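To start, I am sharing the structure in question, which I have written as structure tokens.
Lettered A, B, C and D in written order, each chain numbered from 1.
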């Protein structure tokens, strides 16, 4: 039996509605896709379960799927990123919502399971939260699922592991693998919004400060880029020697994290791995060091150990926990190690999510209308859909890409001198 | 008769206290000056009236003056920048406060006059709010005043006009003219915090967008620098042809504001002048244009005309007013044209205000202890105090400037080959 | 019969020798590989034909192969990039050289064929100059060839076409595909050296000027990056809409090349394609426009048409040809449209070629010692050799990459929450 | 008696002529001033002695003065920056030249004195070379001089010392003090051309390397800016604590030069002082350190001591001297410590010298036509001439500065609220 929406406070709907409208106003690509593709009826009556950072931009995607005729259920992918006002606004519009800001661990779990119990045929997933729990706990519902879209690098890693174990029986479109996703959302979107959140929350000055960026994948590149853009001296720590040399050639300092622990004023993680900052780092950090995470999970800091090492813990400012070490040094952790930009801000910029959600919308539409084209397992979103999103965006900007002449196309495939 | 403190809600004191502690933790220069200079007793019993953006950093300066024995009264320099929690915390500590967030125009005026009615002998001024009203409305109190410090370019312009008219009968130390002030506070501080506030409030993506910066003085340079650091394509409009060529050589686009009005996605003002954006600009702006002001006063946009031109006005997001034009275009104004970083954020970074307030603290201390050294009128802060602030800051960073050898010093003043 | 070396002027050897020593001094990675890998005897007596931009850095690679016991023949890959002093120095050291600066087309061809006629068993190729001619004109020698390494994107495209036609009967290691090659050589190396050459040759000021970059592949990204680093306003033209949006998000202006033709002050090409700038662009360019090519071949400009359109042609400065159009506009072409950095400069920075040639050295060594491991066709250089080059470089810098803990490695492959 | 021109090789005139034409083509401001101001006859028959870096751009200024009717004598301001081809071209056009590339110290002196012996009434000076020697050695000619223009910071310092000693009996317009000079020539021009020369001469890779910049005046700021633009990690050493903090806030590393000596890969000086790099630095530098000077004189390195410390000295590459230290470390000095951009390159970019020489042309014209307006001593160029140069330049770019409305002008000078 499907339950009613669970939201914290329905009276917050107007505030949520205002935010959703702001997102709608700045989502030209999604608006175009809603008019052109989603409107063709292939989503009518389909049950779509959506797990995402539940704020205005994702809400707007849910609204468009709902308006295209789908029966949409949404739940949050991260305890801190759910905004109660946005949930209220969605519920008011007749979309099923199971999500509250900062729920207990049990409630967080319960909401996801409730979403799965609606027996969805399409999943829009983030971190494989839906797909993973479906495989572990609801094997009886798997056959109902036509396919899923997945948004993060972390999720793809988990799905790949599932696929290798033979427990992924339906197709998943790896949205993250699309160039219009990871080059924009992971790199520009995360970097841009994380640095803004870092500075808005701390009221500190970044120029001239040393910012240690853990990792040099897409997310970390974005962090480094925008930190440097604000005048920070960036230090990169990364296991892949090739990436580390790239970081060096970009003008960043490169070193091992043990050295970096002593040098840094700010520490930003975006590796997708666990315990990236741990006891050996905490021991060396300066008084006042600020730690913030931009990776999907709150595993990047070994917070349990930090708590254990500290003599006291208090809220130093909104969203900032201060741990005092025995020798008086203070270490500041933002948003309890959860996603900095969503947990202590409004998440990615609207225009970036317009691109990511355009890919999801095209992916869900594609799965709904041509499911039989796919084998189970992780699939790339077709290159032409990736390019289509880019073309729509460029058209809203009035820009035309170059067109190759016939002579140029022939030249590219000849080899005789 | 001196009134009790006027604050909105005394129960907010703990939140304000937390913010002040954060400021204290990040103000090493001011802490050093409090221990070394302020502690010498020359402020004991002096009445100091302080008008500033009343948030944590200024509050901390007031606390230090108070702890140095002064009788301090504080009031806000800008209706939107006053934070009620901080006011409550100050009042709780026994500092006299006349300030509430977003007061009526009458209350705003009243608070400043109340501060003057405490018969201060030292003024710590911002925009010449205290000094101007003293000359206009309280001539009987002028003789009591030993001197003042003034923080803004705008204030200095007003004081210069007063001085030219012969109505400035006491010395004013132009803190703004100190290099440690305008090179840091106006340029880095305003630019850094304004861009953070712009992005935190709009949740929009700056990279690749065209940001029109009105002016190319210190404030505008900072705006351009940090906007460009986030990947914006910056357009500069400025009357001084030399500055305009500097902007061009920095890689910014330069044009007349009438053209820029059509091109821009964001418009930032920092000129210190009035009606910098007006009817002829509003008429040409794109749908969705965002306007924000980083100049001292809310005169930089001709908002009265914008209202008159619009068919409707609504809050599009917190701190953002949307004006709809007859042809459907929407123009978004942040913080009602008041200071973006203070009106819709926490103001300048703490470390920057540590420098500015270090200059004020030294200035107030200097006036208190050596008032007879000064003639009436605008004075520069002595160069050695300016350098002293820089030296203290460098020492907290463990950095030593070069020392010239005797041979080098002799070389600089010789001319024979 | 193998001919003696052909060089322009043996007396230039000391100058060439000096340049080679400078390269040797700045090639720590190659020096390490020479000591560790090349010294194992597997190159003894092997005939290696080398076609490259024949200047100091390549010469140093030839010297190391020669010292490792190989019988080395070198020839130039581009008429303008061959430096006669370097050729003289190599010949003096007993390495066979067929190359002169700016030879006739016939001589250029002849040199390459002479190199092939030495019956090499290993080819170190650039632009598939050796491999292509071998397949077209020397089928009888193909069986002698154990394998080749190829350095450019352009070469790989040609080899892929050959492979598709079934005329590539031996393995070719695509050095260009190694990350340590294209991320460094194509991007940083070409961009860095091309902008230096552009400015050293023109003595013009780049800051504030509009630089049109044709393409947004690795080479063009480097051009854009270093042009922007010098304060240029960069315009990117590119057929791939995703890359074009990346360029936009980097803060570059994006537009169609027809529009860009009117806007640009400088035009830089790096597409690997032909006639990228042609009549329709020449017609629209400003007086004084400067054109320079960083792509492998001198086909990127349609120079034949430009000549035809012009009323006169003269050398305006060393390496700069000025074409005057009927309406008086002047168009300036650097190095006759050949590679800007090699044709009008000393080519890539030494430290970059140290990396590229380290890959070639490891590739040639790998082919020589384990040829039977390979199938015919284009092969990637093994990932561990790619990483090995990065690790050696980092070690010369005293930097250690992060090491993942066991727990972290396990975490990356688990999916259960 | 006035001697004939002294040039190295008259047959180089065509090459010099080509270079001068290139400068002419890229000097729109000077061309405009030649047509508008210089053509009014006030220079007819005036004797102008010019001491400058004698290459194409300065030559073009001499040509315009000559064409305006002046009797022009030119000599070089720096032994290495004189280009013989340019001298030949000037002599061929009938301008008197006393200059050869890299003359003996006696010849260098002799040329300047020959120029003074033409009994000039106007001096266009660089480093006060003419004025200083006039005061020291030709007191009898002083009264003939109507006035001079001086181009460098260094020259102004010397002139100020002369003025303080009472030995400067005619007016000198301090061109360097004009904003259109030092903000452009010193900062952008020197930085841009010095980094290009550094890289063109060394063929090394700057990205990721540590560049120590001595000083943080206008010249050093330019060096830091363009080095950072090419991806260098910049370290700044400077005695003024305020400037040092500015450097820090720009994201540069700041430290004492003794520490920096160990850290740096490249060392650039632009202080105007002597022995800025000396024994204590040389002792600590890494093997391969590269030293280059962008300051006016070759006094910034203590080369005598470096020679003394070294066991051998050789030319490592054109323009690069290698000093080997007892422990095998090699230190590389470019252009023997003379001006990097002029001594090992073509000097400042053309468009920058167009601005500087526009100021000189207006200055010389002003002195020639209104000499009686001036007192002896150092004078600022009138602000309106400074702005005039900026306005002409903007007009060639099609850009109009903002115009203030009457209301805005009134607002700037009012103080009442």
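Convention: a contact is a pair of C-beta atoms (placed from the backbone, for glycine too) under 8 Å apart; a residue touches a chain by one contact, two chains touch by 3 or more.
Predicted model, so just to flag it, every value in this text is computed and none were measured.
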In contact with chain C and chain D alike are the chains A, B
Considering A-C alongside B-C, which chain pair is linked by more C-beta pairs in contact?
A-C
Tell me, please, which chain's centre (mean of its C-alpha atoms) is farthest from the centre of chain A?
D
Euclidean distance of C-alpha centroids - chain A vs chain B, Å
37
Chain B and chain C, separation of their C-alpha mean positions in angstrom:
53
CA centre of chain A versus CA centre of chain C: separation in Å?
39
Counting only residues that touch at least two other chains, what does the list for chain B look like?
188, 207, 228, 231, 248-249
Inside the complex, what are the residues of chain B that reach chain A?
18-19, 21-22, 25-26, 56, 188-189, 192-193, 196-197, 199-200, 203-207, 226, 228-231, 288, 315-317, 330, 345-347, 349-352
Please name which positions on chain D make contact with chain B in the complex.
128, 132-133, 136, 157-159, 161-162, 179-180, 183-184, 188, 237-242, 244-246, 248-249, 254-257, 272-276, 299, 386-387, 390-391, 393-394, 397, 399-405, 407-408, 411-417
Going by the contact rule set out above, which residues of chain C touch chain B in the complex?
207-208, 228, 231-233, 248-253
